[in-house]
Amino acid sequence: MRVDNRKYDELRPVTITRNFTKYSAGSILVASGNTKVICTASIEEYVPPHIKNTGTGWITAEYSLLPGATPSRVPRESTKGKISGRTHEIQRLIGRSLRAICDLALLKERTIWIDCDVIQADGGTRTAAITGGYIALADAVQWLIDKNVIKENPLINSVAAISAGIVNNIALLDLCYAEDASAQVDMNFVMTGSGKYIEVQGTGEEYAFDEDQLAKMLTLARKGICEITEIQKKALGT
Amino acid sequence: MRVDNRKYDELRPVTITRNFTKYSAGSILVASGNTKVICTASIEEYVPPHIKNTGTGWITAEYSLLPGATPSRVPRESTKGKISGRTHEIQRLIGRSLRAICDLALLKERTIWIDCDVIQADGGTRTAAITGGYIALADAVQWLIDKNVIKENPLINSVAAISAGIVNNIALLDLCYAEDASAQVDMNFVMTGSGKYIEVQGTGEEYAFDEDQLAKMLTLARKGICEITEIQKKALGT
Amino acid sequence: MRVDNRKYDELRPVTITRNFTKYSAGSILVASGNTKVICTASIEEYVPPHIKNTGTGWITAEYSLLPGATPSRVPRESTKGKISGRTHEIQRLIGRSLRAICDLALLKERTIWIDCDVIQADGGTRTAAITGGYIALADAVQWLIDKNVIKENPLINSVAAISAGIVNNIALLDLCYAEDASAQVDMNFVMTGSGKYIEVQGTGEEYAFDEDQLAKMLTLARKGICEITEIQKKALGT
Amino acid sequence: MRVDNRKYDELRPVTITRNFTKYSAGSILVASGNTKVICTASIEEYVPPHIKNTGTGWITAEYSLLPGATPSRVPRESTKGKISGRTHEIQRLIGRSLRAICDLALLKERTIWIDCDVIQADGGTRTAAITGGYIALADAVQWLIDKNVIKENPLINSVAAISAGIVNNIALLDLCYAEDASAQVDMNFVMTGSGKYIEVQGTGEEYAFDEDQLAKMLTLARKGICEITEIQKKALGT
Amino acid sequence: MRVDNRKYDELRPVTITRNFTKYSAGSILVASGNTKVICTASIEEYVPPHIKNTGTGWITAEYSLLPGATPSRVPRESTKGKISGRTHEIQRLIGRSLRAICDLALLKERTIWIDCDVIQADGGTRTAAITGGYIALADAVQWLIDKNVIKENPLINSVAAISAGIVNNIALLDLCYAEDASAQVDMNFVMTGSGKYIEVQGTGEEYAFDEDQLAKMLTLARKGICEITEIQKKALGT
Amino acid sequence: MRVDNRKYDELRPVTITRNFTKYSAGSILVASGNTKVICTASIEEYVPPHIKNTGTGWITAEYSLLPGATPSRVPRESTKGKISGRTHEIQRLIGRSLRAICDLALLKERTIWIDCDVIQADGGTRTAAITGGYIALADAVQWLIDKNVIKENPLINSVAAISAGIVNNIALLDLCYAEDASAQVDMNFVMTGSGKYIEVQGTGEEYAFDEDQLAKMLTLARKGICEITEIQKKALGT
């Protein structure tokens, strides 16, 4: 039995609140159990230098923990004057994941910023950010279509993410913080709504895992993504 | 008639939600019209160097705008690598205001961090942060008392803040963003629950104001603070 | 009786030396008692991005303490790699104060930099910087007129600044460092030569003040500014 | 046929030169085709704060590209004043991989730094850095044993790394730069000498991959790691 | 004939004003023609880490140009967030020069900071800073002796500095800015009062110089240092 | 007898390996005894702002120690977030030295970057970097000529560098680290192949030196440069 009474292959409850704040083109509060993330999508009419004048668009993400998101306060990265390696990794992951399901040429030369600010952290913040970031992105894209800025929908699929891991030699789906802290292996999966992989990242924590354990985690992840994809569809009413 | 149909001496609706998130000693969502700020209070068992080994405590504040808080995205200060002069000013103001109503010696050698993260910005974010920050502080202090960490309540008063200004030569209470952007004078007032001043800050925006205008703004501010103090009392159930 | 034998409403002696150094369009040494500040005005033929191509000019200020300005050495902000919150606040205040008395459109698209470097600090450095910065600005503007770069004088008023405070429950004008360090309230006033307010900033130091105390400080400040304005006029020979 | 005439499951030639420089406890030049990395191991008699006084040791890695390592010069991160997200990711990966095969308690309270400086880059620099970093680590550990600083060898396994990817829908082992630049999927594998996974990281580049493709890359990686492990054994003479 | 009518081997007038400001242990205004530098000496009761607990003292210097020191404004290094290579070079030179004439063991475990702030720059600012810095140091040392903090004078010699250069193939002493800007060779010499070299630094500006030119500059420098040493003695009344 | 059995006027063996890596226009491994430096030359088709649109080219240098280059690990400057004063000095010296022997107008509007990365440090790294940097520059220039990018060779001379110093009151040529660490005087000389000075930099380490000692070091340096110039010629086959 898991720390929060879930079965080994059971997700925490996922809720998605749209229009959480009112000034962004997309604004989502996504909860996965006690993990809560605000994902906003903002549109800017320019692109980064490396694709300037190519007619193509860009999606980029930033990620931050609010200082009060965890029981012991997390110092702000703005105060420290630089972004940690962990933050860098996470926001690059979110950005890549969202770009993978978008035909950036159809977006035209503009950037959609996905800002993921964790207000309550209980493990799985990066996967929740991807799951919610997709809804924020979808709302921003719809905003562009409604305003006749673009004609065709550039999103070619949906995307969601989930973790799986090995804890006490048992493969578990969707680790909460307590499980994550004692996990032997922690994997994150980003997958499309049609069941293909975008990212697979697994790390043994002073531990090495075998073929069989990898296979079990892959199976759990596929089940979890499938369920989250349904929740995303419902949230968007599609 | 004002842009949002208020009278010249009318506050925007103020709402205070306690226990907004679950991992901080105090966690508040304060709204003042469309301005919404999350204020959390975190306790750390050490103090800054300048008061180390004096037996006295400290209260400090940090302030940030979430990138999606305004219609055009605000770049993160963590990404820019440094905190702006405006942010510095605001977080110093919040910290001073909260320390002014606390007997720091009774807090003993520990720090209470008040983190104010604006999730929706429509003017008056710093005054809302003080108004809400006080409630977060009060909850954190109660948490310390409940846990028997301290015996006596170090808070000797309540504190709230509000703006007043001159727009088109008319003195107005509690400027929203549209009013603030065209104001000739913008003043912020921090006052105790018993009606004394902690901070008075007024700035003519390429404009100089006279004795009479100053007197009108002082009167408006006293009225506004009085009303907010009542809302704070109700929120705390005192 | 005050620490330096002044009456409660008495200014420290103010002296203004023009042409203190020879390479700037304006260069002033201003002394207010033992506080001494070098204020230079430098002209650059461009403006900050936010007003580019508007045809209007800009005035901006920077402020610094020389390391040897106080009895215990002040580390350089260049060595620390960033500017403190206090410095940010002060240089924003000086800049706003000087812009408030200038018709920036008449200055045309150029920037006047006012650099205020404190060589000896005994309290009131920011107010001395404004008082002296105005003279440096006036000299720079005259330089532009003499060189036929601009035709009309953009300065529509003079500006000066002074502090007042509450020390041992008594309202005092122009606090020196020893008074400032033990003050209950410290206020800074920036006013035009015609007696209007540009900035009013008052702070209770772990203390809250009432209507009556505020009124007394306002009265002291008006008297002080009036006297400084006369000294400024004499210095400029107007 | 691949760009450099290799078969789909063929490694580039791997060479390992020990004692490449003379002042480090371990110093390796590792080449994988045209990719060349200097890996040095330096020992310091202290540990990072988070494990201080636990009696346990630490292994950490840093990674850098020399500016002339690629056809178009790479600006130094020291000049830019900060480390990129990519560098952060890579050096965290190298450090985790080496810690995973070491019993840090046997290392005692000291740190081994593995510095990986790429002098020639043709793809696969991070995997070469792990492969060579292991040899540098092994040499440094032997140095400690030879000097009687530690008694027991803390290395419980060997570790090596390799990439696999999908290029033009075909799964390939050990991508060179030209292949990597056009890859649909790029995966990096870190495995122990006994064939277990430490890290699995796969990324679709604006592409999603299926179960079958993943399986093919896993198979290729296992083959490649197996061969590299033999080369490592030979280099160490074990 | 030189730009300011000096002979080839003629110094600009050097004046030294002691006690220029009142809060430092030493405070000098040194002028060399139109170049003017404030040099203050501040004493701190600790030393840098590398000599901690050795019982020996330290002398360190910092150097800065005030923004208004030159006809076109010099941006502050505090605003740029880092110190330029040129500033680094100069302050290291000043520090080394002053340490070379001091028996640091006699100073005991404390640091004397020499801060050199150029208020007017017409070439030769670093050499003026050394010449004036020595007087500030001497005053600070005397202050320590007068206060009975140290018993023996740690200064074993005086130190002064001057430039020489080749302009239009002619060797000149003490280059002003206009000469320096067109010089083929620019050399700086730091020498003791007894005529020995502490530093010799010569640079051809896209030019290479021969033995004979070097000899001429050495001769000029010896003459100049000799004269400055006399002025220093007079200033100190020794 | 010296620590490594050399005579007082004897160079350490100098070896120059061309084409050390394959992706740069010039790539040299230069060794001077145990000091080893990789010098690469990279060409970029733009110039720094201060010479933009003048039609003239630029040569600039960067210098770094690999962390494992010395017995106790040197922290990376990229990790510290800024370049030390020492590094600044060295890279400015290398850049000036190489520019001094190049007719930059003939290079046309492009920049040659000389990157000097020390892989093994035993004193004299900056002089080895100049000696090797010249060969890398010569190879890059030849590359430009071979590719018909420029017609005329802009190099008007060769350049080499060497140290001399006073150790135990004896003048020595080419100090190794152990000698440098105990030297009373340390001088670096940069000279052209035709025997003229580009840079002369001598520093007494808490020591002052006289005319005679200076003369001896000058003589040693001339001998050393002469020998290195021959080695450079041989390496280039000219």
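Order of writing sets the labels: A, B, C, D, E and F. Residues in every chain begin at 1.
Rule of thumb we're sticking to: contacts are C-beta pairs under 8 Å (C-beta built on N, C-alpha and C of every residue); 3 or more make two chains touch, one makes a residue touch a chain.
Here is each chain with its UniProt name: A, B, C, D, E, F = Ribonuclease PH.
All of these numbers come straight from a predicted model, not from anything done at the bench.
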Starting at chain D (Ribonuclease PH), fewest touch steps before arriving at chain F (Ribonuclease PH): 1
Taking each chain's C-alpha mean as its centre, the one farthest from chain B (Ribonuclease PH): F
Equivalent of D-F within the choices B-C, C-E or A-D, defined by over half of its residue contact pairs recurring: C-E
Distance-maximising chain from chain C (Ribonuclease PH) - centres being C-alpha averages: D
Whole-Å gap separating chain B (Ribonuclease PH) and chain E (Ribonuclease PH), where each centre is the average of the chain's CA atoms: 51
Intercentroid distance (Cα basis), chain B (Ribonuclease PH) paired with chain A (Ribonuclease PH), Å: 33
Sites on chain E (Ribonuclease PH) at which at least two other chains make contact: 81-83
Cyclic chain order - from chain E (Ribonuclease PH), heading first toward chain F (Ribonuclease PH): E, F, D, A, B, C
Chain F (Ribonuclease PH)-touching residues of chain E (Ribonuclease PH), taken from the complex the two chains share: 82-85, 88-89, 91-92, 96, 99-101, 104, 157, 187, 191-192, 194-211, 214, 218
Of all residues in chain F (Ribonuclease PH), those that touch chain D (Ribonuclease PH) in their complex: 21-24, 27, 34, 36, 38, 40-42, 44, 62, 64, 66-73, 76-83, 87, 113, 115, 117, 119-121
